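Two complexes, one shared chain (chain A), two partners (chain B, chain C).
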Partner chain A sequence: MGALKQYIDLAREHRSTLDGNAPAALNEGRERALAFLDEARRLPDGSDEGYEKTSVEEMFKPDFGVNVNRVNIPVNVARSFRCDVPNITTLLAVVVNDRFVATSTLQGNLPEGVRVCSLRDVPREELEGYLGRSAGGYDAAMALNSLLLQDGVFIGVDKGVKLHKPVQIVNIFSGGVPLLAPRRVIVAAGEGAEVSILKCDHTQTPGVKFASSEIVEIFAGEDARVEWCDLEESTPDTVRWCQLRCCQQRGSRVNICGATLTNGVTRNEYLIEVEGDGCETLLSGMAIGSGRQHIDNSSFICHSADHGHSDQLFKYVLDENASGAFEGLIEVAHGARHNEAYQSNRNLLASGGARMHTRPQLLIYNDDVKCSHGATTGQLDEAALFYMRSRGIPVDEARKMLMQAFMVDVVSKINLETLRDRLRYLLELRFAGGCGDVSCQGCHENMFNDA
Partner chain B sequence: MSDEILLEVKDLRAKVEDKEILKGINLTIRPGEVHAIMGPNGSGKSTLSSVLAGNPSFTVTGGEATFHGVDLLALSPEDRSHEGLFLSFQYPVEIPGVSMVNFMRAAVNAKRKYFDEPPMSASDFLKMMRQKRAVVDLDNKLASRSVNEGFSGGEKKRNEIFQMAVLEPRLAILDETDSGLDIDALRVVAGGVNKLKTDRNATIVITHYQRLLDYIKPDYVHILYKGRIVRTGGPELALELEERGYDWIKAEEENKTGEA
Partner chain C sequence: MDKNKDNNNDIIDDVTGGDYKYGFVSNVATEMIPPGLSEDVVRLISQKKGEPEWLLDFRLKAFRYWMTLTPPKWGHLDMPDIDFQAISYYAAPVKKKGPESLDEVDPEVLKTFDRLGIPLQEQKLLSGMAVDAVMDSTSVKTTHREALAEKGIIFCSISEAVKDYPDLVKKYLGSVVSYKDNFYAALNSAVFSDGSFVYIPKGVRCPMELSTYFRINASGTGQFERTLIVADDDSYVSYLEGCTAPQRDENQLHAAIVEIVVEERAEVKYSTVQNWYAGDAEGRGGVYNLVTKRGLCRGDYSKLSWTQVETGSAITWKYPSCVLAGRGSTGEFYSVAVTRNHQQADTGTKMIHLAPDTRSTIVSKGISAGHSENSYRGLVKVTPAASGARNHTQCDSLLLGSNCGAHTFPYVDVMNDTAVVEHEATTSRISEDQLFYCNQRGIPTEEAVGLIVNGYAREVMGKLPMEFAVEAQRLLAITLEGSVG
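Now for the complex of A and B:
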């Protein structure tokens, strides 16, 4: 039996429960999803273009359950804050598996014109205006998510409102049995609005298999500024298929950064449509792999307007038997003038067992552009390593320092200083072996020892 | 000067890839001494410093090196550093993304750990950095930058001597420290080395030219040629080389092999 069939069967069998526990706008998407997936018959695998190195079909093969009945799975929310860095005050939303949980930070702290709430609390018509209407066409990722989706996070910032505090979404996997969580985030930034969002994925129960099917839809209105930072610190038993879709209106600036610190198998897809003139798009990613971690990032930026500037930087550090893949595509459409689009993928293989596959691509349909793309994969600099050792720094520590240093320019892409500091700190922990799969408890202790 | 021996090198041989570069080096260094090693290009000067510091690109094929009673060649590069060996690189390596402060903190605390001492407190560490920077007049701004990244030639060499000041080695090897330096920078760097000199430590100055030896006065001058030390003398030997060049050494050595 293929992986997909179990989810199609589950959706058919429990359709009334699914619908009964979800807002109407989400239920409307299920028929189309069923029709699409019935025809597809399987999720993308290695025989599909763009999925050569990561079979989603394999990722979703285990018998994951879906919490259609909305059983309240207990979670120790406080525990996930142990990974938090002091002195960062955020507006916090927690998603336990696929259930939105508001925290007290949201009560009375949201300025006028800002909403951070469950998709259930968004008026039906408004929600329908967003669902599936960001960048990109209808595909398997969208279909699987839409088939099972019952809840999600809505972040709305009205025209002209500048939100200074970052919004934080903490996704937590918890429970005793293998579970699939369909997750959706909608970010709607109105004209001239500004918002920074930090999302982090945690898995609280080690040894239990979890899968996320996540869609993030970002709407950047005219002259809006949106910063999105996504950190994954999950376990070797967690698989994640996360698709971020973003459409940009005239003069908008988005800065998207994804970081995989610890995980099992991760497939991230970025689809960005630059629809308005004069937009700026920064897309960066970092992946740190050890053990048997697998990280696959795929990006597609389409410039269909004039005077756009996009810059992509993806860096991987892979140790032990970790593997990585990157596929990036820039398209400059017919008639889109004066665009600048750059893409760079740089990788460091720290062991003989690590593997990296990279495929940068450009599709340019006119002459009036400045574009570049490039990829390099190398090893730790032996000269630097010896230099450090000659000063007394033990070889293991020197290696970690060099791996961490390799990521510095990705961190520097983040605008918000508090987020940069946080990521720098988490990187340090990651290379010290104190985060993610080692358990949050480790972070907690390290944090207070350092303070 | 004393009878105590700091470094004793006996018949040291080493190769890189398949090429033998050091063909039996003998050298004895006592605390308080300054030794200059001179020689034409390709004679093995830098190889000798790399081998003593433990660069894994070179393979020791024979001989021994004893450092205050310890078998130096058996130690990892980091342990050689802890035991008091310091190499000032001819070409200091740039390490983007690693700040000078973190680099030095890691080095200092690794050494303390080696001797079972607790890590230095942040305030003590910063105080020490300030003091040591003064030895070579190193700009405070460089300390917050990445290791050697974007440093000028002179700044890189000052940075080497600054690190030497921090680590307080028992034996410092200065590999072509004068290369790429203008006369003012040379004076500052040499001045730093002289400030760090005591009767307990020793220095090996590897250089091409006599010029540096005007500032760092050697007790002994050795001439390295084709992987062997072929002459040892006092400071006057360096002056003779400056006057006559290396050709007479080459000619004499070729004659010897011819006769043999």
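Now for the complex of A and C:
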């Protein structure tokens, strides 16, 4: 037993402290997680199907601690606020490591029927109805997260309520010692509800190793609309294993977008089960890698009802020695009729050291479908580069412009216009090399004094 | 609408219910060794074939390695465990020595190949094809040898090659598919009985198609043949392979190895029309076709092209591959795989780009009907040394009926920033519009489907040599007969 042992031991040793800190509903999951991990003996590594290019075992090997004693780590929230969306106010929740911190925007600002709160503020029975009940089976990611989970974010939008302000969750890593943060987000959108959520990951202390084990569970009720945008801007010392599970009821529309701008090692998993008829699922992702960044996205969309439509688009730009992996699986179950499912993965390798591994897959058990997937890996168009240079644009700048243009169609998948603009701006910064160093100090301090 | 649908289903049943016309058994006296596999059996096979010491060593090494392995499970296949001790590893039609002329070949054997339409008879010289016929485990007859010998081309069974050209065989055997490659390759290396050997000397363009016909006849056996093709500098050869087996309730194992070495500027075209017995409508019986096929484009600017039409076998699990090691070498893979009833196929290719400016093309067309499962699995790998590599992959699946499955698992690994790799896949059923268009012009649904399927597979069929193209097209029509909707 390698990396896993330290977490199992830690959970066993500090079981009563963990249980004391966390709401009862979370404690119930620990026994099952222990049993599962005891049997698994290790976290998934390269020898496991689907994890060929990303060894989770390796990611979690360093001696990460867990904030069992709920030490209060002070944090300057504003420092992370380059991802803030100007011109609109958001409902902001901050998660420092694995601790939920409410901000003033949540106090008195929430419309009726909307809750943005810590998991500990959700009634036990209700919480039990959600935990682990979204798509997908019980796996190592779920087990590791459930084992050490103490807090999390709950976003509840009641039946028929349309929330016009986006909710923003800011995950911040801060502290002087290597730390593992188990994070959980539950999004429950009732029948006909609408909600947009922006989540961003930041690391504030450069040079310190951090690991996140995150599970996001989205429940899209009948005719609900959920938009989820996930932005990662962390440091090369941060590892992230994030699993998003979403189950869709009849007529629901879900739009999920994940962007990795700077990171260390990232493994994102998307498990989406389309359970009701007439659903729409948009899933997109982008990754910009340089240095030794590694980004692995894995998606699984299962159509088990009729008249579903899903569209996936993942784009990677990999420079220097960055490596990327993409694995996407579409399943159309036996008896699920009139489904259309599309998937596309486009990759740019910008240097000799960059690596890309892609594996789009289709599992089709029905003839009444339209499915396709496409994958390309290549480099910038020579002709386009030449065109730009012949018009006096220096080669470096031309390359950056083309890369940025390459990413634009992922950005355009986002519904919220202001968010699109912001992401475009961040992309520009990223390609200009200005991302990742936290330089946005002072811009929103008045807003977050109380954080 | 519903009535129309039922009607369609009937037609589908009809089309996929076509009979297997090669299911007869020939009464040929067969020498078989008892079932089971041990070191003694390996020695016995080697001894029966009068093999030199080095070959026995090769077999034993492979056998010992095989003993350490367990059968792979990763295919998208529902395959029962195979009892490797229940198979007889050597079965040969009894004969005196080697047949000197056709008169000495057992007339029953000749009749068998006649029924299969294989031009064994010399009078069919005009058909312009040299044939090596392999029944159960041994090569029965190779035609046109003299004409080929004039050009210096060697085309004979591999056992003869071991005797007559030991240096060549020793040099190339196992050089592309090592006995350590996989479970079934190790098994084949230990017990392979016969197969074809082709050597095309420098600068020779083989004047006719070379062809091997494989047939499993005896029951309780497997077929473990081994094909080795070497094309020396600037040569060209087109090689065809066909196979059938009798209709039996048992599952028979076919675990072959095909190795191809392509030297500088040489070109090899390898075509397969695979029609092993596929089992009955309930999925009883049929051949397990677990084959390792790989070609090494060793020389610069060499070219290897695989074309396959897969309609038979209860289970097909194979990936004819190209290792592109020579600068500017080209690999091609064209495949049509049809599954119906309870057939399962997990097939595709691997293109390994090791050298600069290498190119590969993959076109795979899957057609599934009935309760069958048809998967495409392929790997395109571009190593750091392969700058300027190009690949285009297209794999389409057509579904006939709502109980079948079509799956795609492509793996794309790119480690070079100057490579361009593209993959496209689609899955759908026959479009209503196309059917309607045909119906409207008086073409009955079944014929229309045949037409559409043929058009769909045309891109691959067009790559087959003439003689085979006709056969393959007929095969496709028979296979789909009554299953189209």
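The criterion applied here is as follows: the second predicted complex is superposed on the first by the 432 of 451 C-alpha atoms of A that agree within 3 Å, B and C clash if a C-alpha of one lies under 4 Å from a C-alpha of the other, contacts with A are read in each partner's own complex, and residues count from 1 in each chain.
Convention: a contact is a pair of C-beta atoms (placed from the backbone, for glycine too) under 8 Å apart; a residue touches a chain by one contact, two chains touch by 3 or more.
Values in this document were obtained by computation on a predicted structure and should not be read as measured data.
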item: Touching partner for A:Ala384 - first (chain B), second (chain C), both, neither; value: first
item: Touching partner for A:Tyr365 - first (chain B), second (chain C), both, neither; value: second
item: Per-residue touch tally on chain A - higher for chain B or for chain C; value: C
item: Partner chain in contact with A:Gly392 - chain B first, chain C second, else both or neither; value: first
item: Which superposed partner A:Ala350 touches (first chain B, second chain C, both, neither); value: second
item: Contacts of A:Gln404 with chain B and chain C, given as first, second, both or neither; value: first
item: Shared chain A surface residues [contacts with chain B and with chain C]; value: none
item: Interface residues, chain C side, partner chain A - complex; value: 74, 384, 397, 399-429
item: Contacting residues of chain B [partner chain A, same complex]; value: 53-57, 76-78, 80-82, 86-87, 89, 92-98, 102-103, 106-107, 110-111, 114, 146, 163, 167
item: Complex interface listing, chain A residues touching chain C; value: 49, 334-335, 347, 349-352, 354-379
item: Interface residues, chain A side, partner chain B - complex; value: 381-384, 386-395, 397-398, 401-402, 404-409
